[in-house]
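So that you can tell them apart, the chains are marked A, B, C and D in the order they are listed, and the count of residues begins at 1 in each.
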Amino acid sequence: MRVLVMGASLRPGSFNVTLAELAAAMLRDRAVEVDLARYAEFLVPGYDAGVEVADGVPEGARRFAERLQAVDAFVLVSPEYNASVPGTLKNLVDWVSRLKPQPFWGHHGLLLSASPRLTGGNRGLWALRVPLEHLGARMFPEMVSVAQADEAFTVDGRLADENQAKRLVRTIDGFLELVSAVRR
Amino acid sequence: MRVLVMGASLRPGSFNVTLAELAAAMLRDRAVEVDLARYAEFLVPGYDAGVEVADGVPEGARRFAERLQAVDAFVLVSPEYNASVPGTLKNLVDWVSRLKPQPFWGHHGLLLSASPRLTGGNRGLWALRVPLEHLGARMFPEMVSVAQADEAFTVDGRLADENQAKRLVRTIDGFLELVSAVRR
Amino acid sequence: MRVLVMGASLRPGSFNVTLAELAAAMLRDRAVEVDLARYAEFLVPGYDAGVEVADGVPEGARRFAERLQAVDAFVLVSPEYNASVPGTLKNLVDWVSRLKPQPFWGHHGLLLSASPRLTGGNRGLWALRVPLEHLGARMFPEMVSVAQADEAFTVDGRLADENQAKRLVRTIDGFLELVSAVRR
Amino acid sequence: MRVLVMGASLRPGSFNVTLAELAAAMLRDRAVEVDLARYAEFLVPGYDAGVEVADGVPEGARRFAERLQAVDAFVLVSPEYNASVPGTLKNLVDWVSRLKPQPFWGHHGLLLSASPRLTGGNRGLWALRVPLEHLGARMFPEMVSVAQADEAFTVDGRLADENQAKRLVRTIDGFLELVSAVRR
């Protein structure tokens, strides 16, 4: 099985990138082939219908779609901005959705988030589910939002809290079980 | 495969019950064993923690949970009330969620809606996804909302518009394919 | 100025009722005439179009509408059930919305929540905004969700945490300022 | 009274720009001073915390914030992308929200949408409300979403359908009434 994992933050040491790396390591431990993508590989300008007509969908979005086509499932790790999805990530989704056949359709996805706040990034993930499900992605119902992320990780990038670590294990295992079943 | 189908309306001839019956017929045509439930079988009072402590979860919610446990997947057909989920259906979900093990967890679900409005019942379905996914149900991303339902059905309960009929076929087939794969 | 305040829980000592009583006390301190309503005064059966045709809108919903008509603004204090609005409260809103003229239209409202969870009841409040705004209520943008409510209140029903107490003061003062301006 | 009006589309003849121009004309008829902004004046790159630290908030977002500070209220006319807010508009909001004092706080806003779809752009507007209300903007509950926008406008940019035209008049008048009351 192959899985694309991306932390949707441009800052190298961001909590969301750290969580993406942890998820990637957990997947590799479970014999999954992981494509750990950097968000900076998919930079695109703001959506502009005029640009689309003149120049087509930009390179960054095409590249994301190709990486998505090459895997069985994807894991997005996204911060929450203003109680919703980051505009920059939604903009990438908007561009990708313009390709035909529509790249998200039928793909299985899992959403994670890390946030320094007490309340985590759960609202951002719910806002991100809507366009992805609208595009036909099959989003796993369980999502993990790591709260107080500034204290959540050990120096070697694992989750310090045992319950939270267990919850992440359970969620990833449940997701892989579903994707395996569908692949067979 | 066994599927529970319920139109969440108490009115016998309601558009949502009509659509539930159509979905049930389509499932039976695909060799699925259908439990076509009537909403009236699951009447419960408004959630009240005091009642729960004194008398436990009411009979209607227990019955719904049993029917859910006996199937591989469920189809809910729900009207939209005030741009959201009907309070009465959410209240049934609230009661059912109090049972242990939590009955929705891991169950595959599909949401449909019928509405006399031009805009259909899509917002109600999105509002209904949230608690169901929160409870761990694996909701199918595609949903069908039949708009202008007062003109949408033929006298024998099929969809008059060919494109809409095709969309319903495609959605139900996609859902069954997923549930079959997971069952194997 | 007159304000209706209701904690949407039937349990007398519930955190949401405690928070409603605190809000009511704060409003009285600001020379507002408060109608502190008990949720049990507005018990209604699950919405049923057949019942509506036969018997009209039930007494509990009519009573709520009358109380709403008699005030300049309302404060609802609601728990969160399954990441969304309690079905029982949404059901009351559904019944109230059947009255003509529609009772919520143009009324200013404020939403508060108390929850034993770390994450508070914020998602429930966002889900409650949608039908109320759909019905034309003018919901105040700021909302206060008291997290870890089992430790949040002092024995005399005030908020133990100074920052949280200040936030509630600021929100209520902002709300009253808006309602006063509109009344003039 | 001064109101900022912006259609969040870069295409000059887009339905949303047409609707923004109609709203601007209606406001001027009501003796409101209108700042009709073009979306292209506020182009910003995707949010990047590194860029923010190095170079601060980009010019486009600062300019939007200044225009917002100079008015009593704002009207945003936004398309719906993938059942949600356009990523590019959310990204502008994300950048603007980084300025201190936070520019949206306490500002009154109205949301409109135009869409060629039968179902209009209502879901996009609801998704846009969340971050704006989170940022403390006081969003007017009524919103107008012009469906089937390719046939909705007359050649001189008015709404062809009388009921829809009346609804827009009622919504704008209600909004102005509220903003006037609060200004006094």
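Criterion: a contact is a pair of C-beta atoms (placed from the backbone, for glycine too) under 8 Å apart; a residue touches a chain by one contact, two chains touch by 3 or more.
Small disclaimer: the values here were computed from a predicted structure and weren't measured.
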A-D or A-C - the one linked by more C-beta pairs in contact: A-D
Same vs different contact residues, chain B with chain C, by half of numbers used: same
Chain A-chain D separation of Cα centroids, rounded to whole Å: 29
Rounded Å distance, chain A centre to chain C centre (Cα mean): 36
Touching two or more other chains - residue numbers and ranges from chain A: 123, 126, 130, 134
Residues of chain A touching chain B in the complex: 106, 126, 129-130, 132-134, 136-142, 174, 178, 181-182, 184
Contacting residues of chain A [partner chain C, same complex]: 118-120, 122-123, 126, 147
Touch list for chain D against partner chain A, complex: 9-11, 14, 43-50, 81-94, 97, 123, 127, 130-131, 134-135
